[in-house]
């Protein structure tokens, strides 16, 4: 497919042979240096653990946080690499880029996130070090998710170097907004409706809006799926869907917090599937289902429970959240994405608007409402303090006030996404990043060695004869 | 592929645009209402947990059942959605329906199961509420499995609305037979050889028998795999195979019970693979292996260990069970499925007869034998009481009696499957469900928007020229 | 594709209809007998557990090793069956063989490993029994990995019977070298850089070298990927990559040992991805990435951390290890594999030289250096004893000595691989194993019933007419 016939009309230099290795090497070396200066094991992963157990009066190795959180961490890890990665393989000729660049930027992002989140949340000011354990790994994976969501809006239209830039700034912005929302505003957001999904969604949309491509229709032939690429994408969908209870419960409080967050998310997601199917079927003359909806909108319930999952939203409350977000998300794919593209000049390849931005925003406000409606009767006095962390200088905060702060936090996340995304978008407009031309998008040929097509497997004998003649010629 | 040339010969109305959304919406709303009335968090997932710890003298959060069972739950969850789902992608043009409808009906089924199993097993009669935790989620997933197994027999021949009906009744029947077997007969069946596999298998077979399609050969061109759909199916096979130890141990007793069930299942499955390969190779003139056997019969050992896995069957006993069931299941695919289709008018797409019905039945009887052979010497007095729950009104039951009840339980499961399936089959014969015609089966075109074929990707320049002319015309 | 046109030039008898079933049956029966004689449940999986808890003063079921290790076990299990299996589906027409034979030999290998490792490490000399629990299952999976790595070098060129032989000897050799390295030399090697990767890699290379095929270029048309087979292989890559932290931590010490090993591996792997991408991009004129590198070299950091992961290598040390091995492994794919093939007559299908042999060897030496550099200051006195097991007759060993032994252990592993592999290679040269001819390699047609190609799906009506005529003819 590299014959003159297939040359793009608008030539752009997509050669990343200098820029991509340079970015990878320089940034990775920077990571090593910064890790050397700042990152150390925390008491639970340090060889001094046995001493630590004695001084802290910990009775058993099983009390090491590793055993509370490692299974959830691995589920989250699968969501980041297989979930997001395979969800983005749905395009007929961009599966390598979908899963491969996701792999690259998440691998960079999690290192940078350990540093950024470390500086903001885990820095020991007496030693100047960041002490890490399994909870930090989960948070780093979470932090990457913001940038991977943004990638969903940009899929097929950017170069890997641009994606590295998106991730560098995405992780940085994430750490700042997370600090403001969780520490300054003292919000709760265990599964990240606000800090991950609303932020990541609007971040990606703002970038994509700035990078609007007026002639993108010239790549339309590749902007779609084939049968097997849709099945590959279902791998991503299902691993995201199945492990979302782990995502929303991974860093909640030990005990009932993790337990309840998992149950609520499980229920919301189940409910979402039914309403997604219903709306998808209704939207087509013959009642046929659209794979785009099944692959994406079925996940909206997990996004929308990101804040409220650890609260006492009650099982039927979770079902209601899933019910509504399935409908809203599917409608988004049917009507809002085309509207955004045609009227607002916003090209959103994976529809992150409908899967992350809006459900994330809703999740933030749902969290605010559920927080404001909390009562000692439902939570018990101790439970209320535990769940909302009403301790220290926040000991006297009322649930109503908490609800207000939760709502404010949602707005902060959106603002960071929009403003940060716009700025990053402008940076990405410099003509140095190796992005493809408008008629050359959604094509793995640009950045990957793509194998020949299957049809070209020649029959054995013919080929052998050919080889034999060749040998004789030699 | 929607040209007149491809119109099915026998037209049937497969439009589900009203019925599918109606079923999804109405049933989901019913779930919300019933959850609102009945379902609450149990003490381990409720915010009162800290108080509960104090009153129950629980020393640490790690004693929350979440940490005993959540990793197993997630493995089971993967089996239900990726395992069953991808196992059913093997057909060349029904992969969307295989994985997609599995997703839909499991999402409904688990909600209905929480209610049905709750009413029968977990209802607190003083408050009229069902209190749920992670064990209920596992049980709900288990309960879905029965209906998903039935789907295997019906794959490609029914509409999604019919599948919802299959699941509604399947879960209901499951809850009743489970109540009879586990509570009234006081059987042990941790991995569900009886209540899940024997029931689900015969339930699906009975439905399929009632729905016999005399002209199904007209769809024969699509009743088979292509190369890559077979590889997709191996994803399902492997996740089922790998996580089956978690399936059989997920709800067994804490400690040795879970530990032993996992070991036994692991061994039985390993053994099954070797005998499956042996029989598959022997059955073909040149010793070639058949993917159908590798995808399915390799799992029979897990099914057959569903009851006995938690017993002291001993490691070599597990190997023997796997050895025999691998042989039996592969013979089933070679001889019994064709026999059923040709002589008994029973069309079983995935061969659930060989993978679930017969191994499940065998598993029930193996469990009966192993139970009857139990002794205080092997189990210890306490171990015997723990494993078989010889407490309360069953304190004086002998192992021989227990064996008898186990065998009776197997028969109950089969009876429920056959009778229930026959009734549901007749319900599904009403001409209102939108099922496909005999010459239109195994085809995703009927219920899905299917993308164009890969071959139709036009070359770039040609396409661009075309687009440019189109633009000039506009 | 079985027409005369496609007949291989050099006919070889690839019929395994007798040999494959015979090997499977006889060996499986041998397993049953040996398990009957030797294998029993250990106290944590035996029904006497409650008594054991009392006598050992264990306070809770959660202290059962099952809860410390089962989640890691399942991750390792996924790596063995889905990770290795799907990584080997990358060839365009050998995906069945890649994932299917991997399934077969791992299922046999883990049984044989339980026995072999049991005899060497877990035999209770007073009773003559091997008592197994979850740690044995992990070790058995590890032991299989050695042979699966060897399969990578042989992929597409051997018969399933030969693979069974490779596994039989591979597991045997593994158990012996492991005994020497871990017990006699008292090395630490939690993730098996030495005992698994260096051994397995050189074992496979030596076999492949002995089995050199001078006319393998005649199969060149099938020695490559197609688009979707590369995406399938990414499933394998990602599950290996994600779960490698579990692999390296699965059998390390409870508490900080598992925790630290997971963190170190996670970091090394992230770093490897960036340098792999950098070198891959640099190696091609236009900076395009090669899927072979992304699929394989990204994993080298996990291999190289197999020994040092549980040590206090420090987070930035892990990043450095990943950084270097990503570069080395990608260079291996670019230059060493072609060199080995052309100059050394060593055909290495998957490049196990670059992914396992060299990174494993490096991992062994890295472990030696890190061990030699250990200090009481960093580890604490107790920590040093715990991590390096300086107890009993090794109580007085210095870290310097330990480093020397670690280096010696690496050499033992390589020697066992090379010598053992050469011997096994000669055994496999006997003309009785049913291996394919040089112009018939990398082809599933040889050992599998392969479905017709997708293109041959006939249109509906045409086919139906045909069927109707056929019926009328009958």
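Per-chain numbering from 1; labels A, B and C assigned in written order.
Definition applied: a contact is a pair of C-beta atoms (placed from the backbone, for glycine too) under 8 Å apart; a residue touches a chain by one contact, two chains touch by 3 or more.
Here's who's who by UniProt: A, B, C = Ammonium transporter Rh type C 2.
Every value quoted in this text rests on a predicted model; they were computed, and no experiment measured them.
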item	value
Homomeric contact subunit A-subunit B: same or different residue positions, threshold half	different
Rotation in the CA alignment of subunit A with subunit C, degrees, nearest 5	120
Interchain centroid distance [CA atoms averaged], subunit A/subunit B, Å	31
Overlap residues in subunit C, where contacts from two or more other chains coincide	59, 62, 67, 71, 93, 228, 235
Subunit A-touching residues of subunit B, taken from the complex the two chains share	14-21, 24-25, 27-29, 31-33, 35-36, 39-41, 44-51, 53, 60-62, 64-67, 70-71, 74, 77-78, 81-82, 85-86, 89, 93, 95-96, 99-100, 103-104, 107-108, 110-111, 132-134, 137, 160, 228-229, 232, 235, 434, 446-454, 457-464, 467
Contacting residues of subunit A [partner subunit B, same complex]	1, 5-9, 59, 62-63, 67-68, 71-72, 75, 92-93, 217-218, 220-222, 224-228, 230-231, 234-235, 238-239, 241-243, 245-246, 254-256, 258-260, 262-263, 266-267, 269-271, 273-275, 277-279, 281-282, 284-291, 294, 298, 312, 314-316, 319-320, 323, 378-380, 382-384, 386-387, 439-440
